[in-house]
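Think of it as A, B, C and D in the order they're written, each chain with its own count starting at 1.
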Amino acid sequence: MAGKNLVYLFLCRAKERKRLIEKINNKYPNIRVVDIGCSGRFNPEYALKLINKGANGVLILGCTPADCIYREGSLISERRLFLAKKILSGFGLNEEKLQVMWHKINEIEPVLKEIDKFMNEVTAIKDKEGVEKV
Amino acid sequence: MINKIEENVKILLKDIFKNGDTIISYRNSGTPEIKTPLFIRNKNDIDFLTIDNFNVNNLSVYLSKFEQGEIGLAKNNGRIIITAKPCDAKSIIQMISDEQIDKERIVLVVYECDGVIDLKKLSRLTGELRQVDANEEYVNFTKLNGETGKINLNSVLLDKCLEGNCGLPYFYNYYFVGNEKSFKERIIKRSKPHKLIIQTLKDKKELKQIVENEISKCIRCNACRNICPACFCSDRCVFDKPKLPVELLEKDVSLTENVLFHLIRFYHVFPNCTGCGECERVCPQGIKLNIFYKYINEIISTEFGFTPGSTDSARQPLLSYRLGEDLV
Amino acid sequence: MEQYRLAKSELKSFLELLKEDYQKIIGPGVDEEDRSIFKEITNINDLKLEKTLPLKPPKEFLFPQKDNLFNFSCKENTIEINVKDTTEKQVLFALRPCDLTAINYSDTFFKNNLLDNYYSQKRENTLIIGIACEYPSNKCFCTSMDISPASSNGADIFLTNGGSFFLTEFISEKGNLIKEKLKSILTESVQEDNSLKEKIDKNTRSLLLEEFNLKKVRENLEKAYTSEDTWKKYSDACIVCGACTFDCPTCTCFDVNDSFLEKDTGIRYRTWDSCSFYNFSLHASGHNPRGRKVDRLRQRIMHKFNYTVKQFNLWSCVGCGRCIAVCPVGINTRSIVKDFEEALNEDK
Amino acid sequence: MKTNNLYIPLPSEIVEIKEQGTNIKSFLVKLPKEINGSEIMPGQFFEISVFGQGEAPISISDVFINNNTLLFCVANVGTVTEKLHSLKAGSIIGIRGPFGNGFPMSSFKGKNLILLGGGIGLAPLRAVASYFFDNVESFGKLELLYGARSSKDLIYKDELKQWRLKANTIVKISIDKPEKDWKGNVGFVTSFLDPNFADRSEILFNNDKEFKETKLIICGPPPMINTTIKTIEKLNFPQQEVFIALENRMKCGMGKCGHCNIGSKYVCIDGPIFTLSELKQLPKEF
């Protein structure tokens, strides 16, 4: 049931990124934005489940370590997400579908640019892999 | 050599055993080649204990779940004396460093072993057995129809014993070395552990194929999860929570759900998996689970220089970070 | 019940003739690691009759691990439910007497008072061909459950190995139905063929490791419920996985669950369940009548060796030894039962 | 109800939902025409399906033959019941049944009935009570002994008021712990069976001291059933006259899935109503 050709964007401090979320929503209808408070709180199991169930991609937006109000939020998840990507490829799934990006809280344009890059990559993967299995 | 160790272990246990302690070891089950865990609570049961090449089980699984009472034993205030092979000791040491069991209540009796027998290989070579015993070199057996025979011990050992990377335990209370000569040989064998199948797993298409036909055999009986010493919350596992609004994993036995089960179990367990190989041994469908664990263990040791079970206080990689690693 | 001879050289055409009426033939073969399993037999050399019993029982072909009960779609204010019927006909080839008796038990269980359509539909479409067992394992104890290794009850057609031929008996009317078609490759059976079955029975019986007296076991189990120490001796090692019940040919417990496929269409399906799982008898209030693992091990043994005899006058254990072979920690059902065969120990 | 496949639920519309107590709601649902309302006995249960979530066994609380509806009372304790509580009137659920043996009402004729209910255990007892009120002349007296954890957990409050006014009916209610504006009894429901309790049962200790004319019907959570059995044994009330409704985990409701198996019985087809003497022969696994 997890989204056919859907991309999930987990981002932190959604209240302070309202304008960014609006831009994303009207630019990319098939991106689901999920507020998780802090990227350190993201549980990679969700990414494993979504990608295994056939979602197009999972993107995690965290703050740069200097900018992080919880001091080590994004750093905590760094190794976890790296190893989650390795496990994905260990099971024959595509690890490029899981990407992490760190940006300052007020940046809008660089984030959108990186999302564009990610979306192209992800659709390229999807065409190569053919029909998604759910 | 290993049966000579059995007498010494019994003598030792008889004099260190105090009332209220529990000894966890092995005993004969109804079938000649299968051993089953033995829980001793009074002294005269110590004679049922057996130490031989058929002690395949990793008894540390009863320690890791000791307190929760579901798989582990009910609480008791005495000590737990556990007989362990060097590879089991690695699991126990990793559990101590994961703060699953406290060191003071454990009496770790480690004995040297020349490798344990893989019953699948044994039955392929000898068929069904009426009686069997093993020594350093040979396995002597009598078939059901009375024929007797002898095969080389090394031809039926578990892969993990052939690899020989079951190093010296980091800590133990008692250590039975057996005779001098065979101990030295084993140290040499262990010094150059060779890798079996890790190199082949590089190309993605082949991996997806292995996952497809291996994990499609899975019948989700939870044997690999419940036998695993590193999977220590299996009494309150996220897969068994009856009341999640959205279930992480459905009861459906399709390929997607089976892959998800192993993905998530794998993801939870790999930082403290010491490669004891129990999950592959117990799988009723014979799924080669070790491929995945060896693949990821190699990444952790190269990337973070961490091998589980090496010391009893190492902080495992997922709980820490280092600035400037920019991994993602 | 007439008997014929089927020459082993004719086995290939025997299977081809069966293929005309039955789309799928399932028999004992081996996987890539030479482990014996039940699989679809596409050509004759897939068939391996000299191996020990396949670990995964044939029940998966009659009571699959996942069975779709129905699809539903929730329109505005109506629910549309449709059930997919199975019409595929299959042959279960070369089942040994223990599996035959197991299927006989599950037939009785699923058809008893409220009919289970899914099982009985598949069962109608299945032809069962049995074979006398000559390759027991050291875990088997079928003779203790008074099943003879050469007993043909439960089979539509029964084969007994006679060296260069199979003694073929057509037992049920479903078996007799296709007898005409097979007549062309069968030859007349001779008088001394009748001794074949006793010979195999005697020989296989001599190969079994140990036996026990079933009647005494059942009586002692009546009073054994409270002797916790004997149960604990075995259940302490148990890791409450489901391997023994999933690989047991007579375990029929299942769980029913729903899942959504699309926005408002979904399926209700049933999957195998195991009485050793904690959630199996967990009440919604959190109370669990079989909370401890000793309760659950006792339930499995008492159900097989005491309870079902009272319900259906049939044992729900056929002594195939799969639960012994598959147990990760070597718990031996046979030695549990033998413990209760001797007099009950004093801690009643 | 003879559809050939008993696993298929029949669609039925929720007519009305009423709050009953802390996270307990009563659901009035349409009776599908395939089910014959007069066949439904008190003590039987239905499997209620919330499509996409699953099924839950819920005992029948009342049958209104005239306007073709069934009444269920559901506590929000599991995933299915939680989804059920989120539904509004008018939405569609599925029901299957009736399953189970139900109370042997015909053998109760001419006898006094004592209904001992705990918390939501009153739901199936209401079906017994309304059967009693429909055939008042063929029964003796009815006494309802109902207990709950707190006054907020009492269900069918207004029905209880009406029952007090009915002929030869006695209603006694108690809650476990004293509360500010609660004037009724305080204590476990088993205290009604205690001879030296102030408001003790009238039938047991006045009208029918030798317990020859009385049937005792119990429904409640397992801990309550255990304590009640102990007090009954102290009274040495005849055990074959005690009828207990068990609530084991159930999935299929037709004796196939094995979840409700106790000893050689299945709670869903041989029960859920067992006499105390029957229960004594089964292992204590309820």
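FYI, a residue touches a chain if its C-beta (ideal position, glycine included) is under 8 Å from a C-beta of that chain, and two chains touch if they have at least 3 such contacts.
Note that the structure is predicted; figures quoted are calculated from it, not measured.
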Self-check item: Identity of the most central chain, Cα criterion
Solution: C
Exercise. Consider the two chain pairs C-D and A-B; indicate the one with the greater count of contacting C-beta pairs.
Key: C-D
Self-check item: Approximate Å spacing (C-alpha centroids) for the pair subunit A, subunit B
Solution: 37
Quiz item: So how far apart, in whole Å, are subunit A and subunit D when each is placed at the average of its C-alpha atoms?
Solution: 51
Quiz item: At what distance in angstrom does the C-alpha mean of subunit C lie from that of subunit A?
Solution: 48
Practice problem: State, to the nearest whole Å, the distance from the C-alpha centre of subunit C to the C-alpha centre of subunit D. | Solution: 39
Exercise. Any chance you could list the residues of subunit A touching two or more other chains?
Key: none
Quiz item: Counting only residues that touch at least 2 other chains, which ones in subunit D make the list?
Solution: 78
Quiz item: For subunit B, which residues are shared contacts with two or more other chains?
Solution: 242
Self-check item: Residue numbers on subunit B that touch subunit C, as the complex places them
Solution: 29-39, 57, 61-62, 69-71, 73, 120, 123-124, 127-130, 144-145, 219-223, 225-227, 235, 240, 242, 250-254, 278, 281-282, 284-286
Quiz item: In the complex of these two chains, what residues of subunit C are touching subunit B?
Solution: 31, 33-35, 52, 55-56, 65-66, 135-139, 207-210, 236-243, 246-247, 255, 257, 259, 269, 271-272, 274, 277-279, 282, 292-293, 324, 326, 328-332, 334-335, 338
Quiz prompt | Residues of subunit D that touch subunit B when the two form their complex | solution = 78-79, 82
Self-check item: Residue ranges of subunit C touching subunit D (in the complex, touch as defined)
Solution: 69-70, 72, 74, 77-79, 81, 83, 109-110, 112-118, 225, 252-260, 264, 266, 268, 270, 273, 275, 280-285, 287, 289-290, 295, 299, 302-303, 306-308, 310-311
Quiz item: Once bound in the complex, which stretches of subunit A touch subunit B?
Solution: 44-45, 48-49, 52-54, 65, 72, 75-76, 78-94, 99-100, 133-134
